[in-house]
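Notes follow once the structure below has been shown.
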Amino acid sequence: MLPKILFRLSLNFGFACIAVVCYLWHEMLDVNLTLAPFSLLGVAIAIFLGFRNNASYARFTEARLLWGNLLITERSLLREVKSLMPDPAEQARYFTSLLIAFTYCLKHQLRKTDMRIDVDRLLAPSERNSVLNSHSPCNTLLLKMGMWLGEQRRLGRISDISFHSIDSNLNHLSSILGGCERISNTPIPFAYSLIVHRTVYLFCALLPFALVSDLHYLTPLVSVFISYTFISLDSLAEELEDPFGMAPNDLPLNAISATIEINLREMIEDDEKPIPMKPDHHCLLS
Amino acid sequence: MLPKILFRLSLNFGFACIAVVCYLWHEMLDVNLTLAPFSLLGVAIAIFLGFRNNASYARFTEARLLWGNLLITERSLLREVKSLMPDPAEQARYFTSLLIAFTYCLKHQLRKTDMRIDVDRLLAPSERNSVLNSHSPCNTLLLKMGMWLGEQRRLGRISDISFHSIDSNLNHLSSILGGCERISNTPIPFAYSLIVHRTVYLFCALLPFALVSDLHYLTPLVSVFISYTFISLDSLAEELEDPFGMAPNDLPLNAISATIEINLREMIEDDEKPIPMKPDHHCLLS
Amino acid sequence: MLPKILFRLSLNFGFACIAVVCYLWHEMLDVNLTLAPFSLLGVAIAIFLGFRNNASYARFTEARLLWGNLLITERSLLREVKSLMPDPAEQARYFTSLLIAFTYCLKHQLRKTDMRIDVDRLLAPSERNSVLNSHSPCNTLLLKMGMWLGEQRRLGRISDISFHSIDSNLNHLSSILGGCERISNTPIPFAYSLIVHRTVYLFCALLPFALVSDLHYLTPLVSVFISYTFISLDSLAEELEDPFGMAPNDLPLNAISATIEINLREMIEDDEKPIPMKPDHHCLLS
Amino acid sequence: MLPKILFRLSLNFGFACIAVVCYLWHEMLDVNLTLAPFSLLGVAIAIFLGFRNNASYARFTEARLLWGNLLITERSLLREVKSLMPDPAEQARYFTSLLIAFTYCLKHQLRKTDMRIDVDRLLAPSERNSVLNSHSPCNTLLLKMGMWLGEQRRLGRISDISFHSIDSNLNHLSSILGGCERISNTPIPFAYSLIVHRTVYLFCALLPFALVSDLHYLTPLVSVFISYTFISLDSLAEELEDPFGMAPNDLPLNAISATIEINLREMIEDDEKPIPMKPDHHCLLS
Amino acid sequence: MLPKILFRLSLNFGFACIAVVCYLWHEMLDVNLTLAPFSLLGVAIAIFLGFRNNASYARFTEARLLWGNLLITERSLLREVKSLMPDPAEQARYFTSLLIAFTYCLKHQLRKTDMRIDVDRLLAPSERNSVLNSHSPCNTLLLKMGMWLGEQRRLGRISDISFHSIDSNLNHLSSILGGCERISNTPIPFAYSLIVHRTVYLFCALLPFALVSDLHYLTPLVSVFISYTFISLDSLAEELEDPFGMAPNDLPLNAISATIEINLREMIEDDEKPIPMKPDHHCLLS
């Protein structure tokens, strides 16, 4: 994250140097920018920045919870199918491929990347088009699961009660899909970011001029330090606000999707598992 | 949002100019409005403004959650109907029209706009009147869905268990309706807004007189900057308090309703879909 | 709310005048009550007052949620009964009267007012006594609903599954009842109110003596302004703490009860609906 | 609560007096403990104390919620049993005694008091020992309820669906038991209390030495006032941390247990009800 | 926790001594590091540290809740099995061993310790390998429970409804597993810890230089005291962030696992119970 805020901090450093240089001339004007109003403003900005941090972090946490529930629900769905159907081999394999495709399509939808490769890898040719051409591919996959389940019931392979027990887990998948769409489509009201951004930047720009009369040559050091605290938290809040992005602190959706695929394939004793992802040299997963 | 607060900020600018002009005369009176009591007050106001922001944002978030759940529940309802009924074509079409009408009626009820056009577009003539004349049109639509479902059960098209599984999703719709009505009918206790408003405005009006002895000509700049932070957050909190309104930061109910209609029509392979809404040049949806 | 705090504010104004008058004599004592310790204390009080505000507002919000759920659950119950029973007319009418009586009895229980009038209006003479003499009238009404439902099941009018589906909504009513009783019987620990009250009042009483050395004649103005912020929030928190009371910012239980009655009567096509309540000239509902 | 903190406040008063007396000698040392670092520390302590207050109050609130749910669930269980069983008299009486015994055993377990008297009063001699000798008496009672319910099902008195509907309420009781055990066994991490305690006490002990140069003879008054705010909130947080204790602000488990017993006995028309508890002259219930 | 932060505090003490020694020389430079910017920074750091504390404590609380739910759900599962199966002895014993193995495997997975000893102790030789070789041993155990349950249903020992009632508790276990994995695999975004760490340390290192002009010889005392507050809360937040670790304030998973085993074995009247764990001489459980 440092590179992103480095520019702003060096700008702040520049302002601080100007403040030191101008100090003599500045004094003659009899205009003293004291720290008192900054202290007043600093508390207010800290509280509002804290509010935005809470809101952003809550979005990050909820997004992680939804993807955790995705893993939980898909494992539960497959466990139920396996324990209910007498000889599930082929059927479970088809259902599992829908579950895995749902996972990858959701990832691609949230990151706005191309889902074609994963759909081609996971679904039979006859099913690919209806998914890829749909306005909401994940919802189409859910509908396919529902239709498959309805057919098993009509064929007498599962009872009425079993149908509804599994179907309620499909409703959970539907909730997870809707929850992810909600986070992705409704950002924190734009005015919040704007107000906080503006006040943080103006505050940091004016700060050295208020510090200089007390600190003289130490002004750049202390000014950059204070600005670092405020600007880095502002910048982190912005990053977490869209937890499905690909910035370093966003959710590692690639790794979670791979884990889900490994777990599901192990449950149906399928050996074509993908390799679990390892963190890169920055300890980060993508 | 700026236009709304611009007037207040220019008023504050005016006060600051008066403060600068009066400074000489002011000094003679030996009455010094120092910053110390303002610092005390500023912290208190920041905390209380923070509280109101939290409360308003929680209302906004809950409203968004309810509309997200509306999409989720209607998709789940339709998926269940489609996977349970042998040949659902005509029946599902009627049920879908009730679901879409529920969505639009809820939108119109919350925004207090006229629901006649959408009701005419979506419902058969024989059903329009009972909906439009009802004290609570959305509840009447829910009752119609329940009666339709009860009839399907009596006709033996769905089993007892299936009836209750679908009916529990109607209960979810009922919760969503009740939740929206609650947010819409019960504002944050009026006294909160009043106290916060009054103290913020008085604080901003007195602020320049306290700043002037330190800052002289810089008073208007710093005073407007501090006032901007407080007044804009107060104003944003007021806007989010009623998330169903039509202000720029309110929920884009038109766009969400259109998305729901597109999703549901796609599920029953109906081609009369509305066009998805695009954000306008301010990146905003209505 | 102003009348209630007006007395305290004028007391504060009085103290401020004394402070101004005593100032000369006061100075001679070489005892300076400076603002520094007040600033320390002010932050602490603001945080603790903020805490109590949060706790009170959470109670208010939960109480409103419970009454919103009451509306939702009663509508759902009646919708289920209507869609399940072949010819519900008379039966639904009896069940509806129990639901409406439950609403009004809950209101009277929470406000500690006399429920006799509403019970007489809504229930048959044979049932009134067992309700009025009960230790917990609402629970008795719930038991009556359960017994009625059990009888319908024994008579074969509803299936076993339908019974439990409706019964789970009776459990919801039971939760709502229990939740309201909990809020009503367990206030915020008394020590909180006491500590906050005491510190706020002592703080406001001492404040003018600390302000006077800086502000002279402005002391009463600034002192009353700061006291207003603290005392009004303390007073509002106290009002919201018991959300079922009849103070202006409490929940409009009369209006909500009337809405529930109108909604339920409309669903069974009963024309004896009460008139919806209009806000009075203070925009308030009782 | 005052007695408990009175000692600490008089200690503080003592320190303040020492500070006043030493002032002259103190000045000669040219060591001035100013208020500035205390203001820094005061804000930090207020925030951390606020955090611990939130955590303690959340435990209190959750504990109250669990006991509220206990009342709700036991009433619902008995209502279901009464509406399902043709002639429940004797059976319901046995089941009710298990419910009431569960309530009292939970109370005794949480307060670590002797449950023998209540077990003897409520259960038949043949059942007492298995409960009293169990490692977890409440769980044994739950198991007994489950076995009784299983027997009713095997005897054909309740259907399979009814069994599971009632059993899911037993699961709720199990959740309540587990929740209470969790609160009781897992305090807030000890390090929090320790850090907050230590800093609060050291802060209050040093405070008079910082105040004395400004306030002279007023030091003891102001110092005790500020200490009162911090120490009383610290002390209250400690009290609420274990909400099942017997301190004045803890939960009135005796009164709640009596209410539950009265409610349940009324539902089975048993006249041996206990007398509802009245608050004592301090408005407190035990 | 003290040892861990002792080094940092003595470093701070060292800086404070340097500050005192350098003071004379320092004054000549006409560079005064006043407390005003530190006061600004101190409030900001306190708020951000408070935010991280909240986030860490929320993780700790959720982790404890999940393990509490583990106890609750396993007791409920066993109670249901016992009340449903005519003569459960041998069957319940096998199911219980799976439940206990699930508990210990989850503990070992979260602490990254070797689960071989507990698996060998609890499972039959034929089942050990499939668990130990699995990518997710806990999920494999859940699948085994599901398969066992499915077999009981196929053998007619439990009805369809009973199957789904028990199976929904398996879904709870699956949620608990997923929740623990989520907490364990997704730390608080690394940038938060980094920013807070850096600012706290730099703040504490610079603090004595700002205090020295006011406090002279008292600088080390006050500086270490303020640093203690900030550093110890930073350090505690770090410890609670991973609640499944083995630090003194982490969750006592060994003790909870033993309690679960004792509870379950008592329910099937198995006398091979482990001994409940006693807190060590620091009042801590591992």
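Just a few scattered comments:
Should a chain be cited, it is by its letter among A, B, C, D and E, assigned in written order, with residues numbered from 1 in that chain.
The working rule: a residue touches a chain if its C-beta (ideal position, glycine included) is under 8 Å from a C-beta of that chain, and two chains touch if they have at least 3 such contacts.
Since the model is a prediction, treat every value here as computed from it, not as a measurement.
Following the contact convention of this document, C is the list of chains adjacent to both subunit B and subunit D. Seen as a C-alpha superposition, subunit C sits on subunit E after a turn of 145°, to the nearest 5. The pairing of subunit A with subunit E is characterised as different-residue: of all residue numbers used at this interface, under half are used by both copies. Distance between subunit A and subunit B, defined via averaged C-alpha coordinates, is recorded as 24 Å.
Centre-to-centre, using mean CA coordinates, subunit B is 38 Å away from subunit E. Those residues of subunit D in touch with two or more other chains are numbered 39, 43, 47, 50, 161.
The part of subunit B that touches subunit C in the complex is made up of residues 30-34, 36-37, 39-41, 43-45, 47-48, 50-51, 55, 134-136, 139-140, 142-143, 146-147, 149-150, 154, 160-161, 163-164, 167-168, 170-171, 174-175, 177-179, 181-182, 186, 189-192, 195, 198-199, 202, 206. Subunit D contributes residues 1, 35, 38-39, 42-43, 46-47, 49-50, 53-54, 57, 60, 64-65, 68-69, 71-72, 75-76, 79-80, 82-84, 86, 159, 161-162, 165, 169, 211, 214-218, 222, 225-226, 228-230, 232-233, 236, 239-240, 248-249, 251, 262-263, 266-267, 273, 276, 283 to its touches with subunit C in the complex.
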